[in-house]
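The structure under discussion appears below in the form of structure tokens.
By written order: A, B, C and D. Residues from 1 in each chain.
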Amino acid sequence: MSEKPRKFKGGVHPNDSKALSKSSPIQDAPLLETYKVIMHQNIGAPPELVVKKGDAVKKGDLLAKAGGFVSVPLHAPTSGTVKAIDKCPGPTGMAVPSIEITADGEDEWGATFEPITDWKNCDPAVLKQRVWDAGIVGMGGAGFPAHVKLSPPEGKVIDTLILNGAECEPYLTADHRIMLEQAEDVVLGAAIIARILGLETAVIGVEENKPDAISQLTEIAGKYNVTVQALPVNYPQGAEKQLIYAITGREVPIGKLPMDVNCVVQNVASAVAIAEAVVKGRPSIDRITTVTGKPVVNPGNWRFRLGTPIEKALELVGGVNTQPAKLLLGGPMMGIAQSSLGVTIMKNTSGILLVAADEVSLYTSEPCIRCGRCVEVCPMSILPATISQAVENKRFDWAEELNVMACIECGSCSYVCPSHRPLNQHFKRGKIEIQAQLRKKK
Amino acid sequence: MEDRDCRSLFHCYDAFLFLGVEKHEVVEVMLSEFLVITVGAILVNNFVLSKFLGICPFLGVSKKLDTALGMSGAVIFVMTLASLVSSLINTFLLVPMELEFLQTLVFIVVIASLVQLVEIILQKVSAKLYESLGIFLPLITTNCAVLGCVVLNAKAAPEAIQSTWYGATIYGFCSAVGFALALVLFSSLREKLDLANVPKAFEGTAISLITAGILAMAFMGFSGLV
Amino acid sequence: MNIALIAIIAVGGLGAILGVIIGIIAKAFAVEVDERIEGVEDRLPGANCGGCGYAGCSDFAKGVVAEKAVPGECPVCSADDVRSIAEYLGIVAEEKEKMVAVVRCSGDCANTVRSLYNGVRDCRSAVLVAGGAKGCDYGCLGFGSCADACPFGAIEIRDGLAVVHADLCVGCENCVAACPKDLIIMTPAAVDVHVYCNSPEKGAAKRQVCKTACIACRKCVKASGEEDYMLVDGFLIRTNYENPPPPDLVEASACPTSALRLGTKHAAGAYEGASK
Amino acid sequence: MSETQSTIQMPDPTRLVVSNSPHIRDNQSINKIMFTVVLAMLPACLAGIWFFGFAALKVLLLCTVSCVVIEEGWNKLMKRASTWKDGSAILTGILLGMNLNAGVPWWVCVLGGVLAIILGKQLFGGLGYNPFNPALVARVGLLIGLPEIMTTWNATRGADVVTSATPLGMAVGDTSLGNLLSGNVGGCLGETSAIALLIGGAILLFFKLIKWQVPVAFIGSVFVITGIAYWINPAEYHSPVFHVLSGGLLLGAFFMATDMVTSPMTKKGSLIFGLGCGIMTSAIRLWGSYPEGVSFSILFMNALTPLIDRSTISKPFGYTAPIKGESK
């Protein structure tokens, strides 16, 4: 894998602003009095509640069990009592069901899983079950259950495992810090996932702007027959399809999954979680999140328990200097804007970002001048300008013809648009309408 | 210029010989008039944008590119066939019998029957296209472009190539292609205009006519080409 | 021979020959068309709104002739139209009740908390971003997707709230599908008392974001006395359209948030000059 | 802890904006693009003013001012937001001025402005919606309507009344290459100086405001076609170098055919667009009745742009052709 990585077509180079937080080591967030754990933290079916109001729980105890194969269980972030099963603001702006836990301050572990130290000789099925039981999802942002990716259906051969350490989103440094400080766990996780998939090797793809992480990983990687691949800096290098292309040269067909080109991609944070679940028997109850942005007083990387409200996270970093224009969960390119400080940290919250008013003025959309910049930067080689006009005029069949479904919503087109058109929002709308039409047909 | 441009057309030579046309006649046709007819009818004297014939379907069937393509096909078919049939009738029936005064009447009958044929066949073969063409299909009957083309052929000077049956057919075909070109160009522009933010007062036909005018201006550049 | 005779023979002969050819071709390419379809279509309103569930009036006409649909399924047709189609086809018309749309939200700009939203001015797009620019997760976004969907111009956006002009509404239900918050329901036109709120949240939570939310105080239920005019559904009260309340219930119940109000009072001045 | 908490400033949630991702943008905007193009046109304008004197400056200013005034007037009339700040009207005005000869009367400039802004742009809904290049609509309109005024060219560095022919209209071999390069020849005020236009083109290419495919295909195809004609009959036709350097070819290829709004978006489409312009320009120059075909050919290709765009859609990343027999 030492060959030069391929460069995918398109992409943009936003100012990465990672310097704000990249040299700040991961700190553990202090224990809070209450946690509001959002129930549905994964793509797929919501989990089924197993506790009720007033129940005493220990740290790591099951709160909800998986509600199907494409679903993961949820565990208590600390010991305490279930105060309420209620609603709290969700990341999409709608109120969502959540479990409120009042901490008892003991932070005592309950019955955790048996650590599997001899994972090299362990049955892959047992390991995979452990990944599922520990409730691990893709921690890069999507929140897709990890065990599903590790279960290729009959007939699908997996020959490449890629760990995604590209972290191409500006501002975010959580994965960077993980690769620096927990390099051992990252590589171990890679080896365990490889074992589950029956592979000998794995590749960790890291963008070149993190040379310290690359050298740190390369040092350890040899131990487990894992290689590290430096990738050119180009947003969206960390998008699954672009990453697979850069490393293997394979193009994932539209509407298909990485496993259709014999690849599995896992985020480095998920790999660490998997390593901890297997070797230490620790369920997924916390995650490392970057709290950053120019208005933030002390940007940094923190280990937050699930259910930590953003408000508390912001208190930890000393609040803000000035009123930010936007509060985002995730990075500036794909993150979701929030209007409430009550939203809590979930398994896929890779960053809490406050964007200053001077970085993001409120744009009014002007007509498309057909400059073609969006076409140039689109990593999927579709025609964002035309598609957005199609959606704007509610011509969804036309949008479908123009392959709107191939859009990965990376936002590169909106980033470069001189007319400040909300292209990405149009695509989201188009995709949803087309899916609705397809469902109707069925 | 003429000497240089028509060499490539010599492969048609055998076909014309086969049809019983004299050799010197072929050379003459090839060298002087064929190009004049094609380039002339398609670009320079475009039926729609230069002669302003056939404006009704030009405006009526140009809302969608697909429909415009269907209409173009139908017009090319009708116009070519009408030119051929009318020319034959004119040469072998009306002129020998000194019935030239019946030309317009007969031509209309011929065109009407041809359109009827197209309509019947189209309804069976492609119901979708039939529906999208709607009223405009029967309207080809009264499409002045078709009658204009046929009349122009009949009125051509006896020594002009248009007065022969093959010349008339080529002219009919090329005029129809010119019509089709204008129609397709115009419909793709109108599809674009659909997305435009046209002032209320100019929506619809008004802006279409303005667009057609600018298109006609662009076609003016071809003048003098042949 | 007389020139006129020759002309007649020539043109007549030509016509005869062409006629025969057309006749033969028409036989060869004959397409069966039921004439009644056109007859039904002529009697339909031709709005092509799709409210019947068919692709358009022509498609619906085909369905009616094929006896897959009944004329009454057209939501736009008046009772007279339906009767005329039924008479034309010789079938019995079913009477139907006129339905109109009601937007179950009264949170206009003055009454609700809004968050700052920057993006596409369209409800279905806005809802993709943090649920839209409204404090209440269930309220009308006011970008007018329903008004765009209405082929009859019966919905108007008034001060950030969609308001139905009941006299223009024909009940085609296009707006129902257009609303991303599922706020629009079809109600019998004869009923004029509605609860303009659709939030299932607790009363206190609703009051934080909206002045005119239904807080389930049950005053209207009490005012109904023995009759079950109003139905309680968690923290929300709905009109019982099976047993609709009389208009004076609104005054009798004195709804503290005025979530319960007459359709004609949905928005301030909504029906100026309208016939109803 | 409570002390520090009270001093921590927290964001005010009611002032947080929600919007769709991405939340940052690069700092490009329409008016930046427009003013960069204006900057690229400056060398050619200055050359025009140098060679044609004060009259050229007057025409350029008149056109620009009338375009801006007409645009604003129209916006007022239509109750639309003011748009002159986006720079497109200024750009159109300068481009129009460059397409006129220095000696035109003042009312021709104003009439051109009306044609360009109202007929060419605003009737279609303003910037971004116009299918034809506004400056070209005006130029072609004027050329057809006022052929005498539009084809009478001022002589360089001379009095306003002295007229001379554009080199394209002259007999073969009348103009020196040096004069063509510097611009010391008759013609529209912005089209004469090849060097100034090339500098402008280089600026546009440097800032990636135009796709190289258009000028390369345009100029290349004119060069090849006129080259063939010259090779066959050098006595009758001008040399290809002459064709490239004279007339409005460079102006058209760099500044008008590349107009974003009216040219194809894809690279392949741009290539086809440039080729089409080149072929048509050559045909009109060699055989047509107008001495110059650049404006007509670009206008014609503008009309073809939607079709070109439609037929040159690139294959998306990971595109697989639908398997036959498999229903959607």
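Quick note on the criterion: a residue touches a chain if its C-beta (ideal position, glycine included) is under 8 Å from a C-beta of that chain, and two chains touch if they have at least 3 such contacts.
Because the structure is predicted, anything quoted here is derived from the model rather than measured.
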item: By count of C-beta pairs in contact, the leading pair of chains; value: A-D
item: Relative to chain D, chain with the most remote C-alpha centre; value: C
item: Separation of chain A from chain C, taking each centre as the mean of its C-alpha atoms, in whole Å; value: 42
item: Centre-to-centre distance between chain D and chain B (centres being mean Cα positions), rounded to whole Å; value: 34
item: Where chain B and chain C are represented by their mean Cα positions, the distance between them in whole Å; value: 47
item: Shared interface positions of chain A, touching two or more other chains; value: 93, 336-339, 362-363, 367, 392, 422, 425, 428
item: Junction residues of chain C - those touching two or more other chains; value: 115-116, 118-120, 128-130
item: Residues of chain D touching at least two other chains; value: 14-20, 125-126, 129
item: Chain-level touch network, classified as line, ring, star, complete or other; value: complete
item: Residues of chain D defined as touching chain A within the complex; value: 5, 8-26, 28-30, 32-33, 86, 125-129, 209, 211, 260-263, 265-266, 309, 313-320
item: Touch list for chain A against partner chain B, complex; value: 367, 389, 392-393
item: Residues of chain A touching chain C in the complex; value: 87, 92-95, 336-339, 362-363, 365, 392, 422, 425-426, 428-429, 432-433
item: Touching residues on chain B, where the partner in the complex is chain C; value: 89, 93-94, 97-99, 102, 105-106, 109-110, 113, 116-117, 120-121, 123-125, 127
item: Footprint of chain B on chain D - complex, ascending; value: 78, 119-120, 122-126, 129, 131-132, 137, 140-141, 144, 232, 280, 283-284, 287-290, 293, 295-297, 299-300, 302-304, 306-307, 310
